[in-house]
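Following are the structures in question.
Two complexes come next, and they have one chain in common, chain A, joined by chain B in the first and chain C in the second.
What follows is the complex of A and B.
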């Protein structure tokens, strides 16, 4: 198992390496395009195309040999020397460090709520299959999944912010982290995100748990007089947790990255998503690159953790030949 | 959805053909259509679209793009591999329908999706491109009224200081006077394009990679699945952001990025299903009878995993439609094509006074995604009784 985890770790590094190489290639292609257009413009306006090209290459460091450009890029990435954001007037890493706490502020309660509610509703639905609660939970799950997050966010903001005046409309980034004001302005984003993500977890938990609710070992435990809670936690949730861990990471991660953009823009939270979004609008290449890569790194780490969790949760799996 | 023909007898089968490339009637029909399309495309391309530019079929200003060509190819694939088999195997179809009908919500959803599909398909024929007309701004939908100070001038009747909706704009108009009904219909066009073309890409790549990996195995399997690993790690959403930043956004780019990079899950699913199937007796028998790898994959493995794939797809498509709407909402989508997300974004600042602008496309988006989920759920029960809910 240790060998398996080590190989997974190695694989994550290889994947990161490949992804960085691809982004470098993409950047290289666009810079070549920009170069051609600069040469073209210089030629049209009667200037010297060759001089314009040389000046641009000098400025962007494109006059270095291709291999040097690649290794320099990779070294910069590895040493967190991610460049300078012109639109924000600060190093890219500093901009990300500024934005990260705001993203954490809503994503931590969101993750906790989704996991806690998703698991408990799913388990309850499984043990009370076809009850009124089960139908209601299914309905809520479908509803939450199908309603577009960003539209739901705007509507809630109008209803609770404008008409009922219960939450502030404009996000105040200076509010202390653990204060009532901060909690009030984070309620809606967390609510919207949770309704969106709880669906798949509830559905999967219900389906996985159903397999074990009727299993022979559960019946044996019941016959022996084991308490309901113990059965639920040790005989149903424990085996169901193995497939659920995969779904949890894969589903939540994808959702998290995309929703962070939408929710932060809708609610005006100055987190990573908005940073990246504004960087795209302001044509701030180093910042766009860095913020998207942060997302990719989160995904890589999430997938790694998922694989490790799998080995910890399921001792039956044989890793000999993987 | 099994395409095995039960009525074929031993002597009917051309055993010699199994080693070559046997082309069924469906495939022949599809290839013929594809060839015809290629000829028309070449003609259109070489003469730089004189065939279609003053096109008599579409109303003002619609032109055929690469997207339309891709769409037509996907549509013909859909017709030949979904509709034709359903029509020829009546008994199977009736059986599926009986199973499907048990889920009442799914039946309603299916009708809704058919309506959306039809409207999206013939949309350009019945509605014209929405024009900016400031004098018609903020008209409420039929049956609703709004304070008459909100619109610049009321198209419908003004009763007691309230502007009532008029049938000229059944769903009202936006802040710059665009007809919401035509925006909604054109949004359906975007949604079915995403749905069909990405399914086409995902099915063809995912099913091929999955079956090949499972059946050939060894190094090929290892390489393909490690590639899928990397692809699954790289979120398509971020790749799309990076690409639109570097090269500019378009719907074609969206469809290509999400179609070409989100088949990983399908490939894994098909691989594991195919691995199970290839252990089955009928595959053993076929192999013993001397059937080649290609034949076994095509005749025995693919038909048997198609149910899994289709179900998986009906749950994947709504996610993509939602993605597109979200990106269009952030104005990171295609600015030239009217989509639901765009309209929601347009009405965002007017929610207090003219709530219908964002709400109408929002409701359509909601219903479409809901319908896909219900249909997917029922299809899983009907087509794929083997698989438990994953």
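What follows is the complex of A and C.
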């Protein structure tokens, strides 16, 4: 298994390398296009197109040989020298470091809530199949899944922020992290995200657990005198955790990347999503690149964890000789 | 454990270890209640082996799994009846009290060893759990006892196999591990539900031998559920024949094998090859348990059925003449019947295979 994990880790590095190379190629193409338009502009305004090209190329380092540009780019990436954000007037890494805590503030409680609630509601639904609770949970799950996050966020803001005045409408980035004021302004985004993500986890947990609630080995455990709770938490949840862990990682990552944009823009949270959103609006290429790469790296690491989770959780999968 | 032995000595002479009375179990289905077990009665004495015999769907498994309430409730429901262990009714116990009985005093072995063990835990862990659920012993002590158990049930090289997962064992080995797990808390009664059905023939004999050996060693009673009359002949002291949720016949294994009293038992034996009679199958099928016909459950398939067999209730279990313990739920053994009619073509001598 150690060899498998090592190989998987190596593959993650290769994948990262490939992704970075492709982004470099894309960047190169966009810069060539920008160059063409600059030459055109210079010619139209009566200047020397060749001189404009040389000035631009020197400024951007495009006069270096191609392989040199590539290796410099890769070295910069590896050393976290990710360029300078013109719209924010600070290095890209600094901009990300500023935004990351705000994203963490809602995504950490959101992830914990999703896992805790999704698993427990799913398990309870499985053991009380077709009960009133099961039907209610199914309804809530599909409601949260069907309703668009950004719309639900706006509605909640209008109701609880404007009409009931229970939460602030404008996000205050200076509120201390662990304060009541911060908790109040984070309640709605966390709630909206949780209702959206809890649905699939609840349904998957219910389906997976149902398979094992009815299994013979669960009956064996009951016949041994094991308590219902221990059966559920060990004998049912443990085998169910194998498929669930993969669903969980893929699901949460996808939601994390997609939802953070919408929720941060709606609630005005200055996190990674908003940083990326504004960078696109301001055509701040290094910042767009960096915020996109953060998402890509999270996905690569998530996939790695997912594969490793399989080997750790299911003893029947043998990687000994592969 | 000490307490349990006290209970054993307290038990009056003549009180059976397990006494099932008028056990009636229904399942709620889309077509209404289905009565899977209807008024089943039998006893299991200390140290003896009782076999529940019957074809598929006759209520054997439901009977066995209702004793410690392993059936899922709902949809299952105990309509009436008691299952007394040392005179204490298990069916009225709370879930908490039942947990102290399960595994500890009554252990189970199920039909399919492939799925009876959890694939995510080592066999050592699973046997250790069975010990530690009932006894407050250290991990090291429980491990020692687990190794002894594995050794006893014939797992070679127990120390190294302790940390192996179920998928690393063969089917026969898995069933041995399930037996070891059942023995973990030193039970008084082992309920084995078709323990050999899923195994191939050579392994079947080994597992049956194992059950006999551990029964002697642990001084347990065994309630064995099977449709295999060969297994019954090998292990049973007494036999209970079930059909469509009703007891058709009860008696010692010698009495029943020597001269099956109920027409159903008789045709059941006719289904066995090598008994000197042409092999036959039983025509028709089990009655609909949602709405069973009046009279004897077997009447529709019985060669000897008379008009009275199709009316009223299932006949009571009449004592069979010239026997010690044999009873049969058939009008021919009642006051108005003549058992000689049934004996026709089923004389004692001929039934020897």
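Going forward, the second predicted complex is superposed on the first by the 319 of 322 C-alpha atoms of A that agree within 3 Å, B and C clash if a C-alpha of one lies under 4 Å from a C-alpha of the other, contacts with A are read in each partner's own complex, and residues count from 1 in each chain.
One rule holds for everything that comes next: a residue touches a chain if its C-beta (ideal position, glycine included) is under 8 Å from a C-beta of that chain, and two chains touch if they have at least 3 such contacts.
Every value quoted in this text rests on a predicted model; they were computed, and no experiment measured them.
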So, after the overlay on chain A, do chain B and chain C clash or fit? They fit
Should A:257 be classified as contacting the first partner (chain B), the second (chain C), both, or neither?
first
Using only C-alpha centres after the superposition, what angle do chain B and chain C make about chain A, to the nearest 10 degrees?
80
So, A:158: does it touch chain B (first), chain C (second), both, or neither?
first
Who does A:227 touch here: chain B (first), chain C (second), both, or neither?
second
In the overlay, answer first, second, both or neither for which of chain B and chain C A:191 touches.
neither
Chain B or chain C: which reaches more residues on chain A?
B
So in the superposed three-chain picture, is A:315 touching just chain B, just chain C, both, or none of them (first/second/both/neither)?
second
After superposition on the shared chain, which partner residues are touched by A:148: those of chain B (first), chain C (second), both, or neither?
first
One more residue to check, A:28. First (chain B), second (chain C), both or neither?
neither
Touching A:295, do we find chain B (first), chain C (second), both, or neither?
first
Which partner does A:204 contact after superposing on A: first (chain B), second (chain C), both, neither?
first
Taking the superposed arrangement, what is the smallest distance in Å from a C-alpha atom of chain B to one of chain C?
15
Residues on chain A engaged by chain C in the complex (per definition of touch)
215-217, 219-228, 235, 238-239, 242, 313-316
Within their complex, state which residues of chain B touch chain A.
226, 229-230, 232-235, 237-238, 241-247, 318, 322-323, 325-326, 329-330, 332, 344, 348, 351-352, 355, 358-359, 362, 365-367, 369-370, 373-374, 388-390
Touching residues of chain A toward chain B in the complex: what are they?
11, 15, 18-19, 23, 26-27, 29-30, 142-143, 145-151, 154-155, 158, 162, 203-204, 207, 211, 243, 250, 253-254, 257-258, 261-262, 265, 276-277, 280, 285, 288-289, 292, 295-296, 299-300, 303
Would you tell me which residues of chain C are touching chain A in their complex?
68, 70, 95, 99-104, 107-108, 110, 112, 115-121, 129-130, 133-134, 165, 167, 178, 181, 184-185
